[in-house]
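After this come two complexes, each holding chain A, first together with chain B and then together with chain C.
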Partner chain A sequence: MGRYIVKRLIEGIITLWLITLAVFFILRLGGGNPIEYMLPPEASQADIDKLTQAYGFDKPLIHQYWIFNKKLLRGDLGDALAWDKRPTIDVVWDRIPATFQLATASMLFAVVLGVVIGAVSASRPDSLFDRVGRITAIVGQSMPVFWVGLLLILLFSVYLGWLPSAGGIDRLGWKGIIMPALSLGFFLVASHMRIVRSTMLEVLESDYIKMVRAKGLPTRMVIWKHAFKNASIPVFTLFFVNFAALISGAVVTETIFAWPGIGRLLVDSLILRDYPTTQTVIFFAAAFIVFINIMVDVMYAWLDPRIRVV
Partner chain B sequence: MLSSSDSNAELAVDQLTDTRDVLPTLSQRLRDVFRGAPKFSLFFLAVALMCTLFAPYIAPYSPVSTSPANILQPPNLSAHWLGTDNQGRDILSRLIYGAQTSVKVGVFSVLLAATAGTLIGLVSGVFGGWIDRILMRITDMFLALPYLMVALTAVSLLGASVLNVILVIGLLRWMGFARVLRGEVLKLIEMDFIRLALVAGSSRTRIMMKHVFPNIINTLLVLSTLEIGLAVIVESSLSFLGLGVPRPMPSWGSMLRDSQQYIYLTWWFPVIPGIAITLLVMSANLTGDWLRDRLDPTRRQL
Partner chain C sequence: MLYRPSKPKSLLLLPVIALFLATLMFSHQVQAQSKPWPDAFPKKGADGVPKSVDKLTIAVDSWGTSELNPWALTSVSFLGDYYNLRLMMQDPNGDLAAAWATEVNQTEEGLTFKINPRAHFQDGTPADAEAVKMNLEGFMGKHVEQGGYEAPLWNSAKANEFVESVKVISPSEIFVKTKGPKPTFMWNLGGNGYHLFWYGNPTQLMKGPQEYLQNPAGGGPYAIKKWDAGNRIVFERSEDFWGDYPHWHKPQAKAMEILTVKEPAARFALLKSQQVDIVYNLPWALAKGLPRSEDEGVRGVNPGKGDVWTQTYKANGMLALTFGCPIQIREAAKPEGRVDQAGVKIPKWTVAEICKDHPTLDKRVRRALNLAIDKRALSQGPHFGFSTPIGSLFHAGSFGSRPDKVSDPSPFDLAEAKRLMKEAGYENGFSMEGHFGQFAGRPGIPEAADFIASSWEKLGVKMTWKEHDPSDFVRGFRAGVFSWVPVNLQTWGRQDHSGVQISWYHATSGYVGMYNDKIEKLYFDIIATFDPEEMKRKLALLEDEVLGLEETFPLYGMSLVNAYTDRVLSHPTVEFSPHFKHYDLVLLKK
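== the complex of A and B ==
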């Protein structure tokens, strides 16, 4: 088991390093000297030259990448061009709690609602509830996150006037997180529901459930005590996989609701042409995804020893 | 002699008419092909395709000409069926032209992703060894990228255009194809007909193209259809964030971006383009589900 974890960690580090390579070159796709489009058009040539040298953009690409790697090993991802020129790691680090709050809240919403609807659907297949639930899931999975956000604003802010349309938990308290979390979690409700429903249906067909039923346990107990426990394993995986997917969705949600997380930081940095910060945001998001993947793999290996051999 | 051959011929003709009765007619065959098909989804996909090809002939107004006297008109049957936007442009016409953007991006980015993913999956599965290991490591790396963030960054650096959006989405979404198809190839490689081909002296490349590829086309088709919906959502997200298709060319995502500021004044402006996106994505997904059930029953979901 220890050896397996070490092996996965090493693979994860290699993946992360490959990501820095990819991001490094993606950010140079624009071609030319990045300083020129980071500075306002009226900047003098002397300013451009000064910054170009300071950031090492005058050196060949391979050399720049070498410097980048050396700095990376020291845990230095460069200084931001905007955001008071602070180290990008600090800038990103400040924004992580907000994204984490948002992701956790939407995940909670998605899991609770998805599991309940899915389990109830599976216990009464082809009932009206089941059919309405399945149609909602199909529609829900097809709605873009930002449109769900707009619809929620239309309903709760414009027509009902219950909730503020721009979030930020510091300014608005718990009320501020409701709509961002709902819109981000919405499509996950559908995916949780589908997987809970299908695994529950499978489990309910199994012999041990028939046995429990034959013993005369009430249906409620059969579903929640026996069937649900076994059906929850895929939900567990889905939970982690989706947590990583949420990071991508967060970009859109945070922009609509003015939520001060890393997704919004990325969009703002792109608009400000702050390229070191962009790089660091992507690096952090990727590191998070890699970490989650390793966790899932290790957990699987722990649950199912056959995997460790491969 | 003559009469017997005549009767033989008659017999043959009789049999012919018999088999003609047994053979399915064209309409029966069509009915069989489309058995269980999501009719509404196929219909909507056809409508979107017609809009893409013939937008100038269908759209009642120009999608870009503004009319300051007619801003934010609610839907009405006399002039603007779906109302007008903040610059007085006809929303229906912009929707019809916007279909062009969505369909183009959806189809061509998936074509690119499928081509890249299929090549990588095939080579990885057939050749195996260190080639497989390197390709799968690269695939893992791409899978760990927060793709919307990378797509935003890449499009903002390359410049917003339909072509760039297609390239970026295509190059960030091939991993699903590579992973699934590699698995499929690994299963096929173990089969007797591939071994026989090897024994008969076929090269790996020949086996890959002649024997393995035809057997993964069904899966490829299913994956492609399901991936189109996602590509449409990514394109509209990029346009919504102001980094997709440049203005004033209409895209459903950028229409929603424009509507954000007017959400307190109008309901139709933020609602209608979203319905269009949802319908297109849902149609692609349902068609993909149907194709999967027809072509690839092992992947059927409950």
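== the complex of A and C ==
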């Protein structure tokens, strides 16, 4: 098991390094000197040259990448070109709590609702509940997140005046996360509900469940204690995949609700041609996804020893 | 008198006579353009208006660059008005008014400023003439080494172009020696209008860019309580703010929070649900049905006609139709290695393949394409009346713009347009590609592109518009480049002085407008012309020359809508502005 974990960690580090390589060069594929975007049109060529030199953009790309790697090993991802020229790690770090809060709340909503609807639907296939549940899931997945967000704002902020709609938890308190989490989570309910329903249907048809039923256990016990436990592995995987995706930035939701997360930071940095901040956001997001994948793989290997051999 | 350009005594008599005659001639118009501020506005502490309220909350689409340090800005930031200083400022009537400096006296040699002796920074250090000197030298990049800043600072080119030296005469008086006559100094470094320079606390600035963020301690009416770059800023009132002018004093709101909310519908929802008091840049489509204070009573005063009301900044920018092929052909034919009058190398121009034989090289075609656009219909239709058709290169209300020219857009004449196309040999039209960018705070551009495309279809011209990232779009107009051919929708942010704008109608500009040798010569002549009337005359000559080329055609002046909840009693602010201003003068109900 130890060897397997080390192997996966090394693979993860290589993946991350390849990501930095790709991001570094893709960002610069468009050509042009970011300093020219940073300075106003009337800046003199001498000013552009001086600042280009100060930021090292005058050096060949390979040399720039070499410097980037050396700094990376020291934990330095460079200073932002915008955002008060602060170290990019600090800029990104400031935004991570808000993104984490939103991702957690959305996933909580999606999982709780998805699992309940999926499990109950599977226990009563083709019932009214099952049909309504499936329709709800399809609706959730079909409606664009920004539209759901605006509808929620219209209903809960404009008409009812119950919930605030702009800013993070530090500004609005816990009430502020309800609508962003609902609009983002609603989209994810469908995928969770579907996977729970299909795996539950399969499990409920298995012999051991029939035996449990034959023993006379109440339905609730059959579903939640015996069936759901075995049906939850794919749900677990889906949860982590979706959670990792949300951590890498829910750009649309963050824009609608003025949520101060890394999704908005990424878009703003791209617009400003702030390469160092863009690289750092992507690096953090990639690192998180790689970490989650390693964790899931290790967990699978622990649950099923055959995986370690493969 | 606050603003006193002084001249050699022998020349004093002529302007005095001219001023007297002009006063007689235009006295009627002056009376007609009454200035409602401050008399027609509610007063703090009178008639039930609270002296102090807890908080003012504002949602904006953008506040410019998300940086606080005036020496390290990468572009314009509009937040500086509230925590830092300007030498002088515009009052809500748009007149130059005292701020840090109470008075300015400008000559051809330079400017003498009288500094308000009460001025001080929020950490108690004096905001005296020495502080002005430190700031100006900082803008010029002279303290880079000591302060730990990356060289150079973005505004250093401009500061170095204007300032020769700075001399402190006394703690409350300073002389700024300029590099020759600099008639636009007050519009560039002085705080009049589109102020690009905010002055900070030198003690804090010298601590370096990172340390400065811990405590900017500026000299403005608000101190920064919370700064979340790109998202929100919370100001708290500086209780010992020294400003006591009618247009700049201790604000009514103890705290002012500004949020960036980029989604327009979300901004409007914030306003309708009264989560914010003011929304800056409400889209025209949403603003069209709301009560406008300028129509209902006094501009900037709550008309009391419902839960939401608006006030519009006019001429915050403009859009022009610009054909690039003629300039490429003209300039590429000139020899290499030329320099402009300032000694700056003029880049070598090349001609794009498409321009070598393009229909728009024919003046008749360009004229026909312009005549086919019904600018009034564009304004009234897709722009809901929030844009104004114009006939000038210069912005309405700016120094040097001619009101008759501004309000006289080129005519719509489809029959003549068709005749010209036929005469030029393009009776059946042609296809071409156009380019535009969408800029924050300059609404209506994509709608204009669609409108133009459908207008030109009537001439058989099939348009494909390409939208570009705004930064890319601006960089495509660099001298020697001019990428956006054969046609583009060139947009200009407001300049309150046309002499500033013409710096782009010039051979080495970073955002080239149309020019030829005559315009180039006029440009250098104008920027060294100290007499305001003479400058206006030359600006008119330049404008006539540019428009005569028929390579660029002004389309419309834009506007920006500020929307307010009923809680806002008034927001006295200028009629013309490129961005939000005077939020510190907003008065609220409890």
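Methods note: the second predicted complex is superposed on the first by the 305 of 310 C-alpha atoms of A that agree within 3 Å, B and C clash if a C-alpha of one lies under 4 Å from a C-alpha of the other, contacts with A are read in each partner's own complex, and residues count from 1 in each chain.
Throughout what follows, a contact is a pair of C-beta atoms (placed from the backbone, for glycine too) under 8 Å apart; a residue touches a chain by one contact, two chains touch by 3 or more.
The structure presented is a predicted model; accordingly, all values stated were derived computationally and were not measured.
Once the two complexes are overlaid on the shared chain, A:A54 sits against chain C while remaining clear of chain B. In the superposition on chain A, contact is made by A:V23 with chain B only, not with chain C. By the document's definition of touching, neither partner reaches A:V120: not chain B, not chain C.
Once the two complexes are overlaid on the shared chain, A:L265 sits against chain C while remaining clear of chain B. By the touch criterion defined above, A:I138 lies against chain B but remains apart from chain C after alignment on the C-alpha atoms of chain A. By the touch criterion defined above, A:I153 reaches both chain B and chain C. By the document's definition of touching, both partners, chain B and chain C, reach A:T255. In the three-chain superposition model, chain A touches both chain B and chain C at residues 146, 150, 153-154, 158, 165, 255-256.
Residues of chain C touching chain A in their complex: 59, 65-69, 72, 74-75, 150-152, 154-158, 209-210, 213, 228-232, 259-263, 265-266, 269-270, 272-276, 344, 469, 471, 474-475, 477-478, 503-504, 509-511. Across the complex, chain C is touched by residues 32, 36-44, 47, 50-51, 54-55, 81-86, 91, 94, 146, 149-150, 153-154, 157-158, 161, 164-168, 171, 255-258, 260, 264-265, 268, 271, 273 of chain A.
Put simply, chain A touches chain B in their complex at residues 11, 14-16, 18-19, 22-23, 26-27, 29-30, 138-139, 141-147, 150-151, 153-154, 158, 165, 194, 197-198, 201-202, 244, 247-249, 251-252, 255-256, 263, 266-267, 270, 278, 281-282, 285-286, 289-290, 293.
For chain B in complex with chain A, the residues that touch the partner chain are 137-138, 140-142, 144-150, 152-154, 156-158, 229, 233, 236-237, 240-241, 243, 253, 256, 259-260, 263-264, 267, 270-271, 274, 277-279, 281-282, 285-286, 301-302.
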